[in-house]
Amino acid sequence: MNFEISKEPINIQGVIDKVVDRDAGAINTFIGTVRETTKGKKTLYLIYEAYESMAVKKLEQIGREIQERWKGAKVAITHRVGRLEISDVAVVIAVSTPHRAASYEASRYAIERIKEMVPIWKKEHWEDGAEWIGDQLEQVPYPSGKPEVKDLDE
Amino acid sequence: MNFEISKEPINIQGVIDKVVDRDAGAINTFIGTVRETTKGKKTLYLIYEAYESMAVKKLEQIGREIQERWKGAKVAITHRVGRLEISDVAVVIAVSTPHRAASYEASRYAIERIKEMVPIWKKEHWEDGAEWIGDQLEQVPYPSGKPEVKDLDE
Amino acid sequence: MNKVLFFAHLRDAVGEDFIKMDAAGKTVAQLKELLKEQYDLPRFDTVMTAINEEFCSDDDVIQEGDEIAFIPPVSGG
Amino acid sequence: MNKVLFFAHLRDAVGEDFIKMDAAGKTVAQLKELLKEQYDLPRFDTVMTAINEEFCSDDDVIQEGDEIAFIPPVSGG
């Protein structure tokens, strides 16, 4: 189970352990954490929800895309759902590759793809209200009706 | 003690914990592991040694360079010394930043700087011999007598 | 019958995680029009659609038993 | 007196982690020449030098009490 949605706090070392490989020289790990301040506004806590069965499939798809693009890569991703406090871990991505450059590139690819097309949503709670984040703060139009692979250098 | 040389196995979570920050949205972790096969040759184990007092100073310098270049970054680096087996962890770099792009860039910067100028050496042991790695396999000339910041995009 | 799932602000607008309805034979675009008449669905035009957990296009035709999900712009990570 | 440290293949060549000698007043380049006469030091020209744990240049003059270290191309990470 390298791709998971978790209702419990994520064990980071557990995600890393899934990609350990005798022919890996590098493991890149990306950990998304709950930031207190966004655009000057103080977040109290977040609620993440997922279309869980589809989210797991889409994480698996990201894993396959990475293995096609970066030879020898191993990938594991766990995304948390439920209520998260400041500094809590929302997502852990671990990618092992033979050489280091690919581990950075593939890890970055994974987080960008998650933000593009994995059905997970967050609701930010502030002192004066709450809102589902998505098209409001991070405008993501889908002119084709489907998410496309974007240029990650943008 | 965010910058350490360790004779014991590195506790990855322990390094990550040092950079947790309420205003961090991202923590990038780079883990260098001992790869079994390099250029078709099978490694049995590695010995790492360091000029320890200077290595710690140089890791601290990398931390300062990162904080100057990426606002709000927190950095922790631990490098192992001694005998390492295949898949053992040689180095752990953790960088937290408010936004994710900077965490990738700063982490990559840290590993490139380590490979350029932190006084740590590895001796590779194969079935048919052993050799200190450095100018032999990974030609690094220092025309000025000092390491310079290279273009990381090379 | 078809199960139609709503998430995030759409779920708040509909007041249900899902509804059951007969949408077989309709295109996704037709289903969207129908739902817009029944519910006040903010920003419904920026929403993606999945049939049986795969993204689909507005022209795709819904089959008997398909599970339809409306996917607002995602914000995981 | 000065402490002169050797690492990696240089330590193997010298057979010692360090030696003590009086190098005060010499430039780093002069010390390197002196050591090359005493030891067989492979690839000594690609080696960096540190004085008191800071990289220095071949023109720098060694002071009494300075700790000199020869730093072969590094291979950490």
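A, B, C and D label the chains in the order they appear, each numbered from 1.
One rule holds for everything that comes next: contacts are C-beta pairs under 8 Å (C-beta built on N, C-alpha and C of every residue); 3 or more make two chains touch, one makes a residue touch a chain.
What you see is a predicted model, and the numbers here were worked out from it, not measured in a lab.
With centres defined by CA atoms alone, the chain at the far end from chain A is D.
The geometric centre of chain A is 24 Å away from that of chain C, both derived from CA atoms.
One inter-chain figure worth recording: chain A and chain D are separated by 48 Å, centre to centre, where each centre is the mean of the chain's CA atoms. Listed for chain D are residues 77, each touching two or more other chains. Residue positions 32, 100, 111 of chain B each touch two or more of the other chains.
Listed by label, the pairs of touching chains are A-B, A-C, B-D. On the side of chain A, the complex with chain C involves touching residues 32, 48-51, 53-55, 57, 79, 90-91, 111, 114-123, 131-135, 138-142, 144-147.
If you check the complex, the residues on chain A that touch chain B are 12-13, 16, 20-38, 86-87, 96, 98, 100, 103-104, 107-108, 111. Within the complex, the chain C residues that touch chain A are 5, 7-9, 12, 43, 46, 48-50, 53-58, 69, 71-77.
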